[in-house]
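Chain lettering (A, B, C and D) follows the sequence in which the chains are written, and residue indices restart at 1 in each chain.
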């Protein structure tokens, strides 16, 4: 046992380490549990849930791009009810903080979902996805509108005592304006970033490779953009940030923390190296020992501009 | 000689082929002329010019990222006067359309530069850079403001008879709104896209790797984003588009044309494969022959959604 | 399901630019079943970024085989692997074929690289089953007979065997097989699978096909590989988890 | 300046994890001068994306040599190149050393991999010049003497030769060289170059240094490699085009 303290705080939430698994890249935990020890992970963010089950977009949903991938899953999910009945019992078996991600098509649906889910004690916090680029209603329509994001924050906060994290869209001019309104309306933290809108064409059929026409770009390709968004928020708004975007290894985690993140989420890397989270956590510990860092959390916003 | 017609029109401009070299990635042509035959290229866009010479940002100006690079050159340039006196005479020796890119810190400076340069007959058109992410004044301040872009378009158009192309920023929610205002104010075309704002930290010094803190992300990493922006404009605004962003080979060119581009610009690839333009042009010809495409320009906006 | 570093034994190039990669991994060799697949990381760089799914083509002692042609960046890198190179393998994935059933004649229907999963299936078939292999391709170059038994071939251009599709060949030959207890196992391009499905449903033949889809994870966490289900129009099945093998009655191809 | 495909002859690993890559290219071998560099595409994928700049370390018949250690992704790929591999080389780039001057003693001052350009320079020095090589490193492992002549060494930890910096070693030994017509050629980390510059200016010694910078193009089109000029504070010089070799009087390091 080392004396290094890997734990981090995001508002009132405490995680044993800053490495969470991002929404949509860990399902509801069961498949990942075969490949890694969930009890070691900082936390799990569920696939976005909506009030009713969603079938999602027709295939093709995924295409690879240079150092990245586009996806247009379309928020396929089992719905709040089935989630509580069928997925929660499995997740209860683990000692890992569960953040429930919610995506909805209206302010009322966000509120309704939160109301129902907040009763479930296993859920430690909510991450509100106002930024999915792959659905017609909700998604970017909200994510690109400061007042809508403010309203959602306010209304969701009103129906739960649990921390509310708003997951922001990078497809905006100034992401810090969104972080500001989240703070103003009582949001506890922001997650940054969701995917960038992108597309790709088949040059023979002249059709978009993704049936939905556009998809969300994720993976190492977007890391520099994600870091700039985290830094922008960190420099201008006093709100805890969960950094997301293209993180592949422990060095990337350190980079995001330096840029302002209190915790981070792993997304695309889970598909490529499902054991990444465990490897990263133990490398972070080694890094702290080697560099005599007692508290990993001291990295947060330690940039030297 | 084949019968394939590679020529394209961008508004009233005609290019012998759609492959132009992007601003800031070809200098003023002299170095490139040692490596490729400029007489075969569709056109050259000069490094952004300002009224007075600009020293640019201190080093480090460049950093590599996964399938991309960040730059914060800071619009280093010789200024309008030296350009006309020292660079134009060299460029005159070639039979290649010259587009002069202008970057300024005020509407007045844009107008002043255009006024002076429009007298030079070698210059066939202007590309107005309202979207450089790496300078404090001008740059994003204009690029993210629809009315500023409208005003610049209007004022610049008023002092020149030559076509005016506005180079748009991708760092906005809806790029088509910018294309719309350009069209409304009489702009002849838009170039899309300039670089995405990004950053990168040295995890040991905790300093940004780029002295300017943030830089502009270019290269294949951004191609999906650039294509989505081109498609967005193409689907909602009837204005010619010059596609830019991560183009590495002829397939990428075809993809951009399908997505709506009338011509394209090569940027980062010039650093990696300075002969790319020539290779791409001859591959495009082969592609047309093989697929019995008589006019390459028929690809533009031929998407099949 | 596990992630493991496996060591390349050798890369074999068959005549027609088809590669067989022989890879050492006792764990995979022991646990994998015909029709299951592996998701393979071809390089540890970020380009190409995603794993690539491949059916297991055959198993021999502590080794397994992949079969592929050079299609894009990933398969190019794989084809160049040499003795001693280590590759990162995720598997076994998917469900595999149900080959222990109440039938006496197994009919393989393969189009092009759809041949990949069958050498292993044929090897594992119970002793009491007959096998016929119907192998198709656009031209003779695309017909892959490696590891097949009792082979009948078809090519679109007639350059080898029957001139026409492999499903047409099946139609013509089925009456002669003289068996009423047949099970068909198909793999190949979607167009072929669709016509195979139609034929089997019309003739009330039991048929399982191995399907393909773009994939990211390969084990059910990304939802990237949906396939339309016949029974439940409100929910997609996942090729990687519920498949890749489906009974043709269950999915819309 | 041209772009050319050159063929690797062999990769040689020196004791201390320093690699020498011997590459066949008559065109480069014929045209390149000491202190010039090449911008090398290590792979044709998009990762790593940019070329990597390397000084030409030596030239022998139709071959040239690069010297490097494994630093990141690019040098790792380069170190694994084998006989017959083709690499895409852009060059010759930059200005090179001015070694045909009015002096009689050439003093090489190299820190770590700053040794790279000197074997070629030493080979090309006119017959009538004396050479002394002052080679430094953090520890004995970082001292690279390959291709050097009349070697004096210094290490920070004293594990080889003089204990201290290579510039300190130079200070100590200079009086003994008994020459008034000296020219110094330096290459190494910026901290070393700065102290070398100070020493040379204080002692009125003629000194050229080979500098480094992050680079994208390597031939003057990206403006990515500025270095502050002493004469003109309004304009940067470019390491790739105006350098990489500068007289210490001309630049702020």
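A few remarks follow.
Everything that follows uses one rule, which is that contacts are C-beta pairs under 8 Å (C-beta built on N, C-alpha and C of every residue); 3 or more make two chains touch, one makes a residue touch a chain.
The structure presented is a predicted model; accordingly, all values stated were derived computationally and were not measured.
Between the interfaces B-D and A-D, more contacting C-beta pairs are found at B-D.
Set against the C-alpha centre of chain A, every other chain centre is closer than that of D. The geometric centre of chain A is 36 Å away from that of chain C, both derived from CA atoms. Centroids built from CA atoms put chain C at 46 Å from chain B.
Within chain B, contacts with two or more other chains are made by residues 66-68, 219-220.
Across the assembly, chain C contributes residues 46-48 that each touch 2 or more other chains. With chains as nodes and touching pairs as edges, the resulting graph is complete, every pair of chains being joined. Against chain B, the residues of chain C that register as touching in their complex are 46-47. For chain C in complex with chain A, the residues that touch the partner chain are 1-3, 41, 46-51, 88, 90, 213-228, 234-236, 241. Across the complex, chain D is touched by residues 66-67 of chain A. By the touch rule above, chain A contacts chain B in their complex via residues 65-68, 70, 144, 171-174, 196-201, 203, 205-208, 213-215, 217, 219-225, 227-228, 231, 246, 251, 254-255, 258-259, 302-305. Against chain C, the residues of chain A that register as touching in their complex are 24-27, 31-32, 34-35, 47, 53, 55-56, 58-64, 66-69, 71, 73, 76, 219-220, 248, 268, 270-275.
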